[in-house]
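In the two assemblies presented below, chain A is common to both, partnered first by chain B and then by chain C.
Up next is the complex of A and B:
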């Protein structure tokens, strides 16, 4: 079953916590991965790989650049999840 | 039909000795920053690299190999004349004919050992080790010298932000010989040629013969650039952290080893971030020593695993008899992973 927006944000929060050690509650829709959450370009690749597995989506390298905020990633997953 | 006598090999093979050679010149990040817009902090945080070694004109592929091999042979406690085959993995020896392995075999004083080069990028050490094991168990050689050697500084575009800071030079060698016990596990290896574009040489050599250099890349001074290694960094990073952790796990499974049984992890030294991610994914326990030689050596492709192995043994962080997981991966894309007993 497709995940809801809340479930995706919660899932991303867990992933970002695991990879960058950022508290789960800091991961909000308007937060930028690099500027607010200490997720650099390589950690972002790890976040994407973990999100692909968790939400059953494919996020190609060329799309990763456009996912600046948690909201961008959430929308992308909502739209593309299987 | 006449009956052919079969060859007779050893029951198993093991690594008996290891040696390394690092060029004298140490190059800090400050030198890299002369040609690219970057920072010491960025390079350290994205790759872990603080310094690398660059070879001088005298530190040739052959010269570095001979130094490293001499140490490996001494460490193994054998005589060079006992070596039956010399396998050299390199992508940075610029005279393709003859193979550099023959010169190395001769100068080391082997007794006309079989000698050849292989091209398997950053998986070269694992490919060479697998060949060596096969030769020994099958009976074509009693002792095999496996060398990984690179002068990647010759193939680095110092104006390319994505690779200028990454590569280094050096040689690592191991002597593989007969064993009564299994000491090199099954190799999990392969290639993914559909991703051949992700790490490659900018321009093939034969482009220079045509004489038409009009479409060749130019440096900031307008000179035609020598071929260099380029890569799609993010694609390679994704492949390495995601797919290679699986291959490493398969090599453990094939050897019947759990992460708890492991003493040492020696992945190819491509990027400390790849290493850290693999350690996490494989859930390696605290007691496992992890090679992070990349910090002071950079990425030396085929040389990185034996160089890191030698350093861990020299500093006492690892000891003879330890069980180590080794995995190499790179241009091809190719990969090879196995579990070994350290010499």
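Up next is the complex of A and C:
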């Protein structure tokens, strides 16, 4: 069953918390991974791989650069999840 | 106007160096102003020193599932897990060896009286601050763990942090980042001499004017099935699994190899004038180093200690160290049959009768052998021995090897007081596979 927007944000919040130590409540749709959430380019790869696994979605490297905010990633997952 | 010396080439371009005052090569005095450690005996330098003086062993049985099939089932793990000190998001992108280095370096940095990183309030110009942290093997557990991930979970799951975690300069680079070092960050690699070589390198950086302050030491984290199987198959490690605390027994007739330890030791080295200008506490003078190579065998020490003697001569020839000042040696002594004796023969060869007045301590009897971390931790121990004027004991010497007894005065069982008055000096020996010999000299102030 496909995840809802709310479930995806909650899932991303857990992932970002694990990787960057940011409190889950700070992970909101408008937040930028690099500017607001302490996720650098290497850690972004980790976030992407963890999200792929959690939401059963493929995020090719060339699409990762377009995922600037939590909202970008959520929309992408909503659209592409199996 | 400056005229170019060679009219055929482009005119000399004068670079604006701003306020910078050029530093000429010097022969400056170097002192130790900070110490830090995380070892099998304690999570900091003070608890480590307390354990050493008390004659406590940090060796334990390996309880991990993988240990059951190993011939060697003992080791000396750190007393305090670094993840208890380093925040999780930072710890998960550092190899265990870099975690140890960071813990020890932060302690040493604060102990030296620096409250922030260079460039952010600390009383040191970042361009005059260096870091030299060495490891014998590098990020071996990261390499092996990520190879397991590759095999079990596939290419996509290999951590993007793998390379900056496993590279051998990672502990040095991370310590450099933590303190704000811009004068140079280095990683000499010479197996079990690496930590001592790092400190020797740092002393030269300050002596020759490249830096005013250098954070230096060694770290190692290799308690993992592959290194243990490999060292075990070399017959280099003790298989005294039934008596973990008695397994590391340098100079004892029943010694059968080293016990693998882990951890890090880091010191802050500083030019004497820089330390004086900021009113820093000085533990000891870092007099200098003697370095040589055996050119004998890739792993076996030269049995007569000729290479070690050469390193000692090199130290005495190139510093103002008076052999009569030397009252203590923190020996390399790993508890191997050949190595322990070769070192003592070298001390006898170089110091003659004075060797009878040098208190020799093999602290690996308590900490195990920290490989590239050994020179760092044992430099901390050597500096504290001078500072407190106490030589830690060598434990587990029940039946002393007659060749040890003939060549040295081994401090056995309990700590021994060093001369309470006058200037005293001490050496820290570290030798490594490959025939590397490094001797560091420290002196009371």
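Operating definition for what follows: the second predicted complex is superposed on the first by the 82 of 82 C-alpha atoms of A that agree within 3 Å, B and C clash if a C-alpha of one lies under 4 Å from a C-alpha of the other, contacts with A are read in each partner's own complex, and residues count from 1 in each chain.
Following the convention adopted for this analysis, contacts are C-beta pairs under 8 Å (C-beta built on N, C-alpha and C of every residue); 3 or more make two chains touch, one makes a residue touch a chain.
Bear in mind that the values here come from a model prediction, so they are computed numbers and not experimental data.
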Touching partner for A:82 - first (chain B), second (chain C), both, neither: neither
Which superposed partner A:21 touches (first chain B, second chain C, both, neither): second
First, second, both or neither for A:45, with chain B first and chain C second: both
Touching partner for A:64 - first (chain B), second (chain C), both, neither: first
Touching both chain C and chain B, counted on chain A across the two superposed complexes: 42, 45-46, 49
Residue ranges of chain C touching chain A (in the complex, touch as defined): 87-90, 92-93, 156-157, 159-161, 164
Residue ranges of chain A touching chain C (in the complex, touch as defined): 19-21, 38, 42-43, 45-46, 49, 52
In the complex, chain A residues that touch chain B: 40-42, 45-46, 48-49, 61, 64
List of chain B residues in touch with chain A within their complex: 45-46, 232, 234-235, 237-238, 241-242, 273, 277
